[in-house]
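Here come two complexes built around subunit A, the first alongside subunit B, the second alongside subunit C.
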Partner chain A sequence: MATATNALGFPLVSIILWLPVAAGLVCWLINDPRTVRMIAVAAALIDLLLALFLLVKFELPGAGTAGWTFQFADRHAWISTIGVSYWVGVDGVSIILVALASLMMSVAILAATFMIADRQRLFLILMLFLETAILGVFVSINLFLFFVFWEAMLIPSYFLLGVWGEERRVYATMKFVIYTVLGSFLMLVGIFYLWSQTGTLDMAGPHGLVANPVSQGAQNWLFLAFGLAFAIKTPLFPFHAWAPTAYTESPLPFLIALAGILSKAGAFGFVRYSLPLFPSASHSWQALVSILAIIGLLYAAVLALVQTDIKKIVAYASISHMNLIVLGIFTLNATGLDGAVLQMVNHSIIISGLFLAVAYIFARTGTRFLNGMGGLGERWPWLMWLFFVFVLAGLDLPGLGSFAGEILIFLGVFAENAWFAVIGALVVILAAWYMIRFFQNTMNGPVAVSADEVAVLAEAPGRTPYQYPVLRRLIPGDLLPGEIALFVPLILLIIYIGIQPYTLTQRINPTMQPVTTLVNRGSLPGFGGGR
Partner chain B sequence: MIVAVIHINVTLADWGSVLPELIIAGGMLLLMLVDVFVPGKKVNLTTWLTLIILALAFAASWNLWRTGGMASALYGTVTSDRFAMFFDFSILISAALAVLISPGYISTSAFDSGEYYALILGAVLGMMLMAAGLSLMVLFIALELLSLALYILSGFERFRPRSQEAGFKYFLLSSFASAFLLYGFALLYGVTGSTSLIKISTCLAGHAHGCSAAATSSPLLYIGIGLMLVGFAFKVSIVPFHMWTPDVYEGAPTPVTAFMSVATKAALFAAFIRVFSMSLSTVESHWYGALWALAIATMVVGNIAALAQSNMKRLLAYSGIAHAGYILVAMAANNALGQSAVAFYFLAYTFMNIGAFVFVAYLETTGRAGDEIASYRGIFYRNPALALPMAIFMFSLAGFPPTAGFFAKYVAFQAAVQAGHVDLVVVGVITSLVSVVYYLRVVAVMFLQPAEEAAPVEQPVPPEQPPAVEQVPASAEPVTRPQLPWNIDVGIWTAALGSIVLGIIPTGLLTYASESVTAVRALFGLP
Partner chain C sequence: MQHFVWGILLFPLAGFVLNTLLTRLDNRAVSLIGPGSVLLAFICAGVTFAWLQGQSEATRHFNEVAWHWAVAGNFSLDFGLWLDPLSSTMTLMITGVGFLILLYSVGYMAGEDGYRRFFSQMDLFIFTMLLVVLADNYIWLLVGWAGVGLTSYLLIGFYYLRPSAVAAARKAFVMNVIGDWGIMVAIFIMYVTFGTTRYLGVFAQAHTLPVDGRVATALALFLLVGAVAKSAQLPLYTWLPDAMEGPTPVSALIHAATMVTAGVYLIARSYPIYEQSPFSLHVVALIGGIGALYAATMGLTNNDIKRVLAFSTMSQIAYMFAGVGVAVYSAGIFHLIEHAFFKALLFMGAGAVMHAMQDELNIQRMGGLRDKLPFVYWTFLIGVLAIIGTPLFSGFFSKEDVITSAYGRAVGGDAVGWIVWILLVLTAGLTALYMFRLFFVVFHGQPRDRELYDHAHGPSLPMKVPMAVLAVLSVIGGYLAFPGAYNLMESWLHAVFVLFPHGGPVIAPQPFSWVSLIATLLLTAIGVLVAWQVYYKRSPAPDRVSAAMPAVYNLVAHRYYVDEIYDALFVTPVKWGGRMLLRFFEADVVDGVVDGSAWLLRRFSGYARRIQTGYVRNYALGILFGAVLIMGYYVLGGR
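Now for the complex of A and B:
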């Protein structure tokens, strides 16, 4: 059984959740672009501060208490005839993802203020809507509410990718939407079925879904229905085909949201829903999912190795790392799960940083292809050194963020199946290889072309150098202060998590312990609910 | 020789329970008189008059809803229970929205507005009676009344061959279907000895005195059910009786299409539920199999055929067929939740579907080929106030949260799962996925592909300053960024607001829907 409390006494989670939409609606009524920018940025930053406040206030359970607790919960009746309530709150995993999401959305919205010039107001409004949808996915304690937010993410995404995307945006958008909807519609059938079996869609509470698992036979099917949705969003091999196109065609601020946060929603779905709701099915499918994840992480890493489009290199790197996270989740032990959640944070930061670097390079060279680059570091040292930090973090240098996460994942995998760990760990070599190749071919070596010779794409009005097709006027010099400002919080976090991952794991672990107990024993200690 | 002594025993309350219908009937006559006696151009006058009549009828319906109405009035031929009133709301709202967008269409197509509005009210009258009918005779008369009005309305643009074709096709095929329905009614009467739906249900339940015990297994009952099913299926365009729909929808004047695509179906489904789910509920096994097959065929064919459409009105016709399939899934559930889902679905469908037709109707009056999807290319960049609500309608029809369409579909499917029909829901969900493709293709055309004329602008804009207003080349048509006429504005945003509000706070209306179903179930003695 999972329980929900609210020590604060007022619905802070709901405030965090709805603030961006409210700000978006205000922006809708305002025509002045400066004011709109200010409101959007302010809303994102206030949300970030509130989320950090929540992170600090989050009460760590004592050593003796076992149980899965949602804190700062806020519950209202909604449509009780069909088991639907408005119920939000955070556990140790979602509090971290809420903070992460509000950080990444702040970075993305800040980036949008100077990277998107074309219909900027609408872009910012959609980003704010997207933020609420993403936060909603993380804070819902009712399955229906979760599904509503999960699907609602798609609507702003559709426009953000489709209107502001690059040349093949229409194709990428349709592919993205159809893949995602395929998964989520089957999940909907699963939700109907769960409701017809249990009569509720609440997660927590004595009558909630966690306390009343469905029969083993049903679990196997429901696991597939839910798992497909999460696998597509993550994206787990072989359901990843939408991701490279969508990542490549996305405008950068949306890409930070997409690769940085939306993909975490899939992994979060596994942790929050698949494992606790279908414990015995998780065991049945564990080997299959792990093998898919191993294939995926190696396959995507190999593809990253051969790309010439730098945006694609990062896209495949992202997919590879997301598969590693799924591998960590399906260790079904607390070590692997801790590592997976920690790695979600690291992945989000590193991938966003790398995509930012890609955008900065693009804004200066007008191309994304390796053959047009080389020797950029000589001309733009700031760009090179800051980019280098992300490259090092991407190849898991000890002392930087992702090292701790990956070690934990592989420890977890090793405990389950040593062969999986050995084969999976090959990715470390591949990651180092493609990261260094990426860095060297862009920053080091002889200067390939000067800025004047760069093939200039068609001019388009209302575009910035960061967007496709670029303006003829590229950015001539090294990183601008605004660009550095986007890098700074990410780099600080990478270093901080590298030194002190305990800040995160001490929150993750108390939530993952009961979840693993649930998965491995079928019920939580101290509560009667059987399998 | 028998001399029948008829006691006239109709109280004022009886008339009160058909007050909404009486208002519409009176209004219809009034409009005809206005048409004859008021000289000159009178589009505005008749439009306002029609809207006022509809509003009065709405108020009367609301009053009946509030008081609960009369379970059975006028010798048990009609009812004013909440179920009828709930469907009246959908019918009246869709009629009002259709009337609201008609003036522009009337002036471009040079209609005679008096007749036009009188006929719309005639159709509304038929529909409201259809939803309220408790007797097979009333149902048939109502059906003929609404059908006749719609035949004329479909062919109303008599100088446009497509409209003529639509009217004629609709007339021929639909009267054939009416005959089926009538034949089915006759057989049902023959088996049970009554035209009253309530008496039929007690007879089939075996409680009635003087009703043959063999009635439930009589072959005539099977044939009658089959014939009625064909008749209803034709009128609400269920596969394989859907062939007329795309042609008629495409040819008929767009406001008429908008109106009939929603209101006709609402009225017919109300009667469908009263006859099948209520009156014939004891013999569910006779018709469930056929309904199951029809639902699957409708969802599959409707959605797949819609994929291939390049004309918006045809696309909406097939989408309407597909939605009839989803509604059939809710009906097949044959439980209280399923029936409230049907009632709620129509309210949601009213807003999202008519909204889409408002969009088409407006574009047709601007002189563009308003029903060709290809002509919507980049419309967002020319006229965002038109494209944004249309996107809402498309997302709602496709069933994305947080819109009305999602919620309606959710409840419909949930009812079916509750009744154990997981197979229907799986088909419904998979075909919904197909529908995402064609609905979002419309959005993609509007938003993702900038119109050619909007692309080249001479001055590159510095990145720091976003362009305030997109420049339109002088050569472009003067209609590029128009202020929408107020009636289109009101119509389209009402529909958009309805499509969203019903998705976010559906609780109240869902409660109303289930109250209405409780009323009708009580009438037929169902739990």
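Now for the complex of A and C:
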């Protein structure tokens, strides 16, 4: 059973949730671009600080108090006739994702202040709306409320991609929206079915959905209805077709939100809803989902290896890592689940850093294609070395944050099925290969374009740093202070999590333990059984 | 005193951080911080060594846990350090030889671009290498393991605008990650079998595994994957010759003295696991025996001064593998230490020659350098005498220890022991031949390139001092053991190898054997004589020898075409597969289901087309199609 408490006596979660929308509405009334920028950045940073405050205040359950608890909960009646309430709060997983989301949205909004020139005010307002929607997905304790926020993510995304995207943005938006809508349509059907069976849509509490599971037969269908929505958002192989196109066409600040946070909403959906609500179905589907995830993580890695568009390399790297996270979730044991949640954090940080690097390179070379690059590090050493840290994290170098998540995931997988882990872990070789290829072909080797040519290009009209519809000059020099400022906190986090993932796992683990108890039967005989 | 172990790790780390973050440092400060931090670590290593000396054999180890690393489900791990005679010996060697090589680098790298970057990365390497030998669990060993792979990558690709260096760095990195994968799988097995990855937990339980059972053998062999990749042994050795693209001090430190010997350390450290799997030990010994001879043949036909040394490194590490493979772990470690002395010295000599010859690597353009570089000549000669195992030089004692151990195994009735012993003895002769070939071609005879010869100049003082120290060590370093009399190395390391129970066959150090010694010395003498005849007197001339059997010569000179075979077997298929998947699966199937359903709908559903574009619903159809397939799987008996 899941319970909810609020030790603060103060609806801080609701404040964090609605602050961005409020700031967005204020921005709507103001015309001065400087003030708008200030408000947007301030709102994002205040949200981040409040989220960090929550992270620190989050009470770690003692040894005896095992159980799934939501803290800082805030509840109001809403549409009680169909079991809908406004109920928000955080557990050990969502508190981390709230902090992560507010961090990445801060990075994205800061990036937007200098990367987006066209209709910047509107862009920032939409980003703030998007932030509230994403936070809502993580803090809802009511299934319907969750669905409202889930759908609400789509609206700002539609405009952010469709208006500010690159050349093929219309096609990309179409694909993105249709995939997402179809997934959520089935989920909506599932939600109403759940309500019809149980009479409530609250997750926690003695009458909540977690305490009253539906029949095994219904679970199997509901798992599919929910799972498809989550699989598309994540994206799990083979439901990923929208992702490379959408990632490639996205404007960079939105891309940080899309690849960094929105993808986590899908993985979070599996952890929060699919597993606890449909435990026996999760077991039935475990093998199939795991196999899809293993195929996906190797498949996307091989495709990343042959891309020539650097934005596509990172897009496929992202898909590969997300499939690893799904693999971790479907170990259905606490080690793998902890690793998966930890890896969500790492993935956000790394993928945002890599996409930022892509944007920085594009702003200096005017191209995203490898054949126009080479030896860039000679001219821009800061770009090379800071970028390199993300490359290493992207190939899960032991000692960095992503390794901690990866090894926990594979330990969890190995305990379930030795061969899955042995084969899945081969991805480290492919990841090393495509990441080093990506790094070397851009930064090392003979200089493809001489400094004089760059100067000429930089002066040429029609060249565009950062963004497709706006015509500006290329940046000739090394990283600007603003660009470095976006990189540095991400790098520090990568190193910190690598040295002490305990800070995160000590919050994740007490939440995942009861969830796995809900889901689990005795574990399958693993490798050790065959002594 | 034992807490000085933290200093061993932290000083090089501090050196790395300072040299990385203080971007305005001038070269003098850099050359103070770089070697200085390693010297401080060496002092700490000395202090902890002294502390260990003072302990009785049963308590001669120290384990300190520093912080919780992660807790997840039933997995938990702390970061901690493990100090015992084995790790102490390794830290002394790493920091000692490391300091000398960094000192040498002050002279060698003077005036190069990226001076600060060089020293910061070298310090990072030393830190990660020390982490490998000081970690108290396999996960943090893997962190160090990957860290040395990373710094090796960075330093091989030090000249990062040069395409050959870039390619060599990438190859080394990816092949090393294959090894990391092996260790990762071993970690999975340990976690599921023992519930822990700490040495204490794993080794205390290892003896409960059935001898040559599935788990013990899998553990030992997956660890071996890591060991051969890092130590450039068969079959994952092809990156090592290319790694010579890095600056020469890098080759001396990383690709001769320290990193490439980490595989030997790993096997010796994991002895309770290997003791449970005699089969795996046989594999290790055979990789050693075959690899020693195999690498020596390639050393014989190569004309690049650093690559000849690289092949000799591979060959000597193969000796160490043979040593630990016959379960005389102290012999493998002994040879590891002595090899660090004389191979670092040889690389330093090669670096001095390159400096003198304007970075020329081809030995066929050298010759007669004896007169121009007398200091290099004599120190190089000491290195050569040591490596071929000339009696009373350091290499003699350690190599004799390994070969005697293999011989003891053979006469004990082990067929694999015989094979390994014969291969090692043959290799001893071949080593003498190819090392003296190198020596005679470079330093004797007529200068083949007058221009280069005339401009040759001797090394600077910071280069000479470390060479002199290592030359002395290459002579006297071997007296830690004397065949048939005493073996200090064995008695010092003994505490390590009796700490944990092991149920497998216990192999005691082998007694001295005249047969083995005479056979080895005889073949070594023949090797020297042949080299003298062919490469010093040049009758018959070297060209005529190689022309006598062109097919064999070509095969060996092209390194048995193994690079080409690996490319054809692994690299090309993966890339080709990726392109095919991209072209036909990703574009036509994954995207095609979506886009194609649009086409289908337009084709067959004119009615729908009239009310709307058909676009939106077609996508929907595509997804539905996928969903129906999966539901179909479930309905039709999937569970």
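Simple rule for what comes next: the second predicted complex is superposed on the first by the 501 of 531 C-alpha atoms of A that agree within 3 Å, B and C clash if a C-alpha of one lies under 4 Å from a C-alpha of the other, contacts with A are read in each partner's own complex, and residues count from 1 in each chain.
To be clear about the criterion, contacts are C-beta pairs under 8 Å (C-beta built on N, C-alpha and C of every residue); 3 or more make two chains touch, one makes a residue touch a chain.
On a predicted model such as this, the values are computed, not experimentally measured, just so you know.
In the superposed model, A:Asn333 makes contact with subunit C only, not with subunit B.
When the two complexes are overlaid on their common chain A, residue A:Phe414 makes contact with subunit C while staying clear of subunit B.
When both complexes are overlaid on chain A, the residue A:Leu188 reaches subunit B alone and has no touch with subunit C. Once the two complexes are overlaid on the shared chain, A:Ile436 sits against subunit C while remaining clear of subunit B. Contacts of A:Asn212 after superposition on the shared chain: neither subunit B nor subunit C is touched. Of the two partners subunit B and subunit C, more residues of subunit A are touched by C. Residue contacts after overlaying the shared chain place A:Ile178 against subunit B and subunit C alike. When the two structures are aligned on the shared chain, A:His240 is found in touch with subunit C, with no touch to subunit B.
Once chain A of one complex is fitted onto chain A of the other, the partner contacts of A:Val428 are limited to subunit C, with no touch recorded for subunit B. Judged by the touch definition given at the top, the superposed model places A:Thr367 against neither subunit B nor subunit C. Comparing which residues of subunit A touch subunit B with which touch subunit C, the overlap comprises 174, 178, 181-182, 186. If you check the complex, the residues on subunit A that touch subunit C are 174-175, 178-179, 181-183, 186, 220, 224, 228, 232, 238-241, 284, 288, 299, 302-303, 305-307, 333-339, 342, 375, 377-378, 392, 395, 397-399, 403-404, 407-408, 410-412, 414-415, 418, 421-422, 425-426, 428-430, 432-433, 436-437, 440, 443-447, 499-502, 505-506, 508-509, 512-513, 516, 526-528, 530-531.
Against subunit A, in their complex, subunit B makes its touches with residues 337, 380, 395, 400-402, 406, 410-411, 413-414, 417-418, 422, 425-426, 429-430, 432-433, 436-437, 440-441, 443-444, 447-449, 455, 457, 459-461, 463-468, 470, 506-507, 510-511, 514. Across the complex, subunit C meets subunit A through its residues 67-75, 79, 139, 142-143, 145-147, 150, 153, 157, 160-161, 163, 166, 169-170, 173-174, 177-178, 180-181, 184-185, 187-189, 191-193, 209-210, 213-215, 218, 574-575, 577-579, 581-582, 586, 590-591, 593-594, 615-616, 619-620, 623-624, 626-627, 630-631, 633-634, 638-639.
Those residues of subunit A that touch subunit B in the shared complex are 33, 78-79, 81-82, 114, 117-121, 147-149, 151-152, 154-155, 158-159, 162-163, 169-170, 173-174, 177-178, 181-182, 185-186, 188-189, 192-193, 195-196, 459-465, 471-473.
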